[in-house]
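Several structures are given next for inspection.
Okay, so chain A shows up in both of these, paired with chain B first and chain C after.
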Partner chain A sequence: MSSTADLSIAPMQGTFLSRRPLLVFCLLICATVLLLLLNVAIGSVQYSFSEILAVLRAPFDTSTASAIIWNIRIPRAIAAVFGGAYLAASGLLLQIYFRNPIVGPYILGISSGATLMVSFVMLTTVSAGLTMLSPYLNTLAAFIGAYVVMLIVLAVANRVGGGATLLIVGLMMGYLCGAVSAILTALAEKEKIKGFVLWQLGSFSGFKWNEITLLLLGGGLIIVLLYCLSKPLNAFLLGEEYAASLGVNIRRFRLLILLCSCALAGMITSMAGPVAFIGMAVPHMARLSFGTSDNRILIPGACLMGAVVTSLCDLIARSVMAPVELPLSAITAFFGAPIVIFLLLKRRVKL
Partner chain B sequence: MRGVSVRSTAEILLVGIVLLVFLLSGCRQEASQDSDKEDRSGGEARPAFLQIGEFAVHRISANRTEVRDGAGRTLILIPRGAPVPDDCDPRHVVRTPVKRVAAYGYFDVAALRMLGVLDEVLVGVTVPEKEWARCSADVARGMREGRTAYLGDASSIDFERLKQMEPDLVLTWDPSSLPLLDDLHIPAVITSTPQATCLSARMRYVQFLAPFFGREKEADAYFARIDAALRDIRARTAGAGEQPKVMWGDIYEKRVMVEPGNAWVGELVGLAQSSYQFEDVFGTSCIEISVERFLYSGETADIFFTYRSRESGASSKEAIARLNPLIKDIAPLRSGRVFAPQPCYIQSMDKLDEILTEISAIIHPDLYPGYMLKYFDELPDRDTAHDKDTRS
Partner chain C sequence: MNHPADNPVLEVRELSVGYKNTPVLRGLNFAYERGQFISLLGPNGAGKTTLLRTLSRHLPPVSGAIQVRGRPLEKLSALELARIMAVVLTDKITPPLLTVEEFVALGRYPHTDYLGRLRPEDRARIHGALDDVRAGYLRQRQFSDLSDGERQKVLIARALAQEPQLLLLDEPTVHLDLRHRIEVMTILRDLCRHQGITVVASLHDVDVAAKISDRVAFIKNSGMMAWGSPESILTAGSVAELYDFDQAVFDSALGGLEIRGSVTAGRVFVVGGMGSAAAVYRMLTKKGFAIATGVLQQHDLDFHVARALGADCISVEPMEPVNGAGLDQARRLLATCDLVVDTGFAVGPANQGNVELLTTALAQGKTVLSLRENGAALLSGAGSAHLYPCRDADQFLHLLDSTVLTNAMQQEEHA
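And then the complex of A and B:
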């Protein structure tokens, strides 16, 4: 694995918020709010501005309009913001951890673990008697799958020192989980496969308020923790020896990075399914936009950029052919893949 | 004050393209037999060119018929014993009547039954015997007696077993299997299409397969039977006072899918003096739509047909609502009627006339007094003790 960290110290030790980052922050905040509002206002059922306002003023109304705005659109819009932010932060952390610009949050098998457990629930009869868990069965299964894989990866990380070994272990976990899922798919009844394929495409559809609360509290805490770790992260980016010389406990710090990254990615994957490219492409977009590798700027910056890109992709996915929904991962790939290719060709992929 | 959203330019373009394809592909029944001449070589009038949705049959001469399958490939049917013309690609020549067939899907097997050739020609299927035993005793018997082999799942065919059964023809929905089938020198027909199967194509599909077996009369008789059933439905429901609103789809934990309006069920619902709630949705087969649209359309719907069988969780309205609480308030789940397919439904497309009549009887129960359901179950409001016991 090649180290591409040729970070200049100047941006980190200079003025924390110079003019450009400040401007980009303002733009991203405005874009996030704008897209949040658009995602609430636009849908396959059309409501006028005054109708939406009336519905927003009466949250406990029992009308269909109220159910659509309050229980479908708003949770989905918020979920897209959180989902994009957390996946971007997760990808950023792993890119720093592995000092590899083209890793994403799913490189360690998180999504494969989630997919494996969901395939158990959806493609077999093991969940037949678990109707009391409905409608959270898939979410719970994905949650368990993602976090079991995360624990295995953390256990391995605790034993091995090299990032390359961990990366290979993560890939192997992905292959193993993928193999079992593939066997279950091959043996499953056709009518069950449709639902499973749908889940694998990823979507912010159907988010519930209690899931939003979990995202806000659980994910919010991790993001705050990450921001507090941004200085050690900057030091880590310059090399483990350098970070150690500044008093960072490298072993614990590496585990903490992995824990935070996997927890964020696992949270989103369990609730929305695998969402491709956000975690890989958005950190690069953030680096380019802010013109810095300072994690004090990049962590909130990548979160905002992720929120903007994901909200936009979700808006496109559900609007272009409304009421038909396009797969979210297809739209995010349309954004992400060209960006990654462009950056690779321009040789501007640096950490 | 509310309505379905104004379409974007892209959507209007897409709808336009789909409509154009429809017009060109002859989904309209009156356009499906636009023969410019008739072939009388067999002693009876038969259209020389027959367009059936994406499929086509072109009778060039007594010894040569060209058919276009769902993938747009042209196959040449040459009677056994007749010489193969020089201009024919041997890979695309099928000797008729076909005597040994492997079929991937339920619908293809049902088509063979419609033509009266199933017992004689079926040598391979992709569904195990226990599944057939439920409703297709003829296929199950053929498998027990060793005439018909289980070839493995349709997505992972055992090609060695397939070759061993020496089929003259494979009926498959999977275009990716074509290169290997070509290598094995087994002619294949793609039976699925990029477009949803409209009602006319659904009815006439058997006429596309008939030339392979020399069973045109049987196909015509089948078509006449379905046509008569449709005429009866139209006549019975013409004076129906109210137009019930129907939705057809499936509900998952966070997502919903519906049958598009251009599919045969959407057309049938319109034909039976009722309104299909997703008439504006276009697609190949069941397709994901937004939950909000499902909820909005469900607000005024009377009847909901779910794809989901009882075994897959559609045991009651309560059970379906539990799958996705966001849609628990759609009218069919609260106060309307919900129907789930019985196991025989998917295996009984040779009885399309009965299925169409049953759907009409469900929509207008007052016009079909005493009708007993054979292919669908009406779901109770709540799970019975038996359902709960079965699950636990």
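And then the complex of A and C:
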């Protein structure tokens, strides 16, 4: 038994919210706010600092500047922050669930499944007559697509197991969904194609305020729920069998993780299109910068990191070749792919 | 150690375990008492892991009842069970970026609040658990950087952090070096003795199990072949039957296995006694000699080793002098051997007969290797031309090789 003296000299490193996580949290919050402001301030139409301040002080003015900032830039900036956060959280969940560091919603084909269902809605007339639902139809379709692909990947994963197999199954699901989407695109009417192709490139542009509300409420609720699940998620780091022996109700918990993960990824995919690498690379960046696997730190940490990375990518996509906008997934791939390769080389992660 | 059987920690009745209604083991009945060390022994694939997984509720039982502290296992909530039972499994887990302390802290799961926040008493328990497994010095290390032995100790500490009354371990010493093997076993034994934890472990080392367990279960042929104290059920016959081998013999007096070899060389008569011959028997067996030996007093260490190695063994009752019928038998046996070894046994009034055996052998022109300090002095007079003194085991082994050669050459000459 350890004495009290022993306890008092026990270093506090590794305890909940010790110095390093606190510092990283502060940095990430500052970065998020800064990028949020930059995303509002910078755009193809240039406004001076005072002009922007004036517009922000008087919302819903009738001027063009007000329209651009309040209806285009601010929703987009907010969408990038929360989209990145949710994708990162979704990826973190999947990595814990599959105990495999190289999974993410995009890699596992979840985004492709959502894309497929959205392509059905956007390119065909199956949704005709459902106009009442139309604002939410994309979201609904994306959910369904995400869950169906998830179920298929799970069924296969249960049979074979093994990290590499899981990745291949995910990739194959991605190809299959892509193939169907491609066929639908070939058969679709021209004006519908353009919307779909733009959507498919992934972008946080064109977010409407009602979508933002949905994003904040629905996603926020899930993130809060996830935070409450961080204790069983930590137990899950030991694998299902140990988690069960620690008192986690595995069946209920598994379902909950997958539902949350697909809901987050599906929601973002339906609104912003498939965005690559955020879900896979950001949880690693969070893990390394916080120096822990403790999900009580990682869930908010990955969300903030996702917000920062996605906002930055969006800023780059919009401003580097302005007024031409680069596809967001291209920029995130430039970030994400080297990180994954680096991690593999450093043997920080194993397949 | 034997508490009254009124409140066993775990009790099973007519239990069948297996996968999807195909029983691997049938009709199990046993009770684990507080503070007992229970070893599950049996060949690979016999169902030890299946039994452990059923007891830990990772697998549903095919039929029968399991009671944990008097309550049916299936009625306990996951958290209630986690406060009574902890497990150490064989699957290799490597959660990244967790210190040993954080890893062990995960074991506090059933005792902490909904966010898993650690109170001072939780920390005390975590440090206590690490101290119990003598791994306090690892506290700040990364779990993923640990060696296999350190990892196993930390896994046990994690289980202890649950404050269990019952600890199930699946092959806790496999892949470990000797030091960690012994360390892990003594840690587990201390948990039984000092904390009253009931430890159930599947093991492969019969000798270690025999020396540490309070109860041993033999798992084989879809059931429990034997159940009881190791002193009563671990015998040469039962161990050989359990593992289906004849290359080694378990001896309960020696508490270990003697490895037999196939005979590829000649036949050696060993004159020894009082433990002087045990190492000689093993050396000869390694070199492929058939062994005859005598005259030994029964229950001498040499007697146990010789029998375990399958030697032709001439013996007399304990405390009886070496003479008479036994000595005559030994003389006849010696005459059939190619080589004689004097182990350097202590000489006294009771074993003058053995000295006689050696002088007779020399007189008959047999080659005698003597490990005695001054063999020539004791055996002088008899044709000492064939007496080869050996300083130590190395010289003995060297001579053994060369005399084998010369003997073989002589035999060719005769032919």
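In this text, the second predicted complex is superposed on the first by the 266 of 351 C-alpha atoms of A that agree within 3 Å, B and C clash if a C-alpha of one lies under 4 Å from a C-alpha of the other, contacts with A are read in each partner's own complex, and residues count from 1 in each chain.
Note that in this section a residue touches a chain if its C-beta (ideal position, glycine included) is under 8 Å from a C-beta of that chain, and two chains touch if they have at least 3 such contacts.
Quantities reported herein were computed from a predicted structural model and do not represent experimental measurements.
Touch criterion met: A:Ser48 reaches chain B, while chain C stays clear of it.
In the overlay built on the shared chain, the residue A:Lys192 is in contact with chain B alone; chain C does not reach it. Once the two complexes are overlaid on the shared chain, A:Val324 sits against chain B while remaining clear of chain C. Touch criterion met: A:Thr292 reaches chain C, while chain B stays clear of it. Touch criterion met: A:Gly247 reaches chain C, while chain B stays clear of it. Residues common to the contacts of chain A with chain B and with chain C across the two structures: none.
Of all the residues in chain A, the ones that touch chain C in their complex are 1-2, 6-7, 10-11, 13-16, 101, 228, 230-231, 234-235, 237-239, 241-242, 244-249, 287-288, 291-294, 296, 348-350. Chain contact summary for the complex, chain A toward chain B: residues 42-48, 51, 64-65, 67-68, 71-73, 128-129, 131, 134-139, 186-187, 189, 191-192, 194-195, 198-199, 203, 205-208, 318-325. For chain B in complex with chain A, the touching residues are 1-8, 10-11, 14, 153, 155-156, 250, 252-255, 257, 278, 280-283, 286-293, 295-296, 299, 307-309, 312-313, 319, 322-326, 329, 391-392.
In the complex of the two chains, the chain C residues touching chain A come out as 56-58, 77-79, 81-83, 85-87, 89, 91, 93-99, 101-102, 106-107, 109-110, 112, 114-118, 120, 123-124, 127-128, 131, 136, 139-140, 162.
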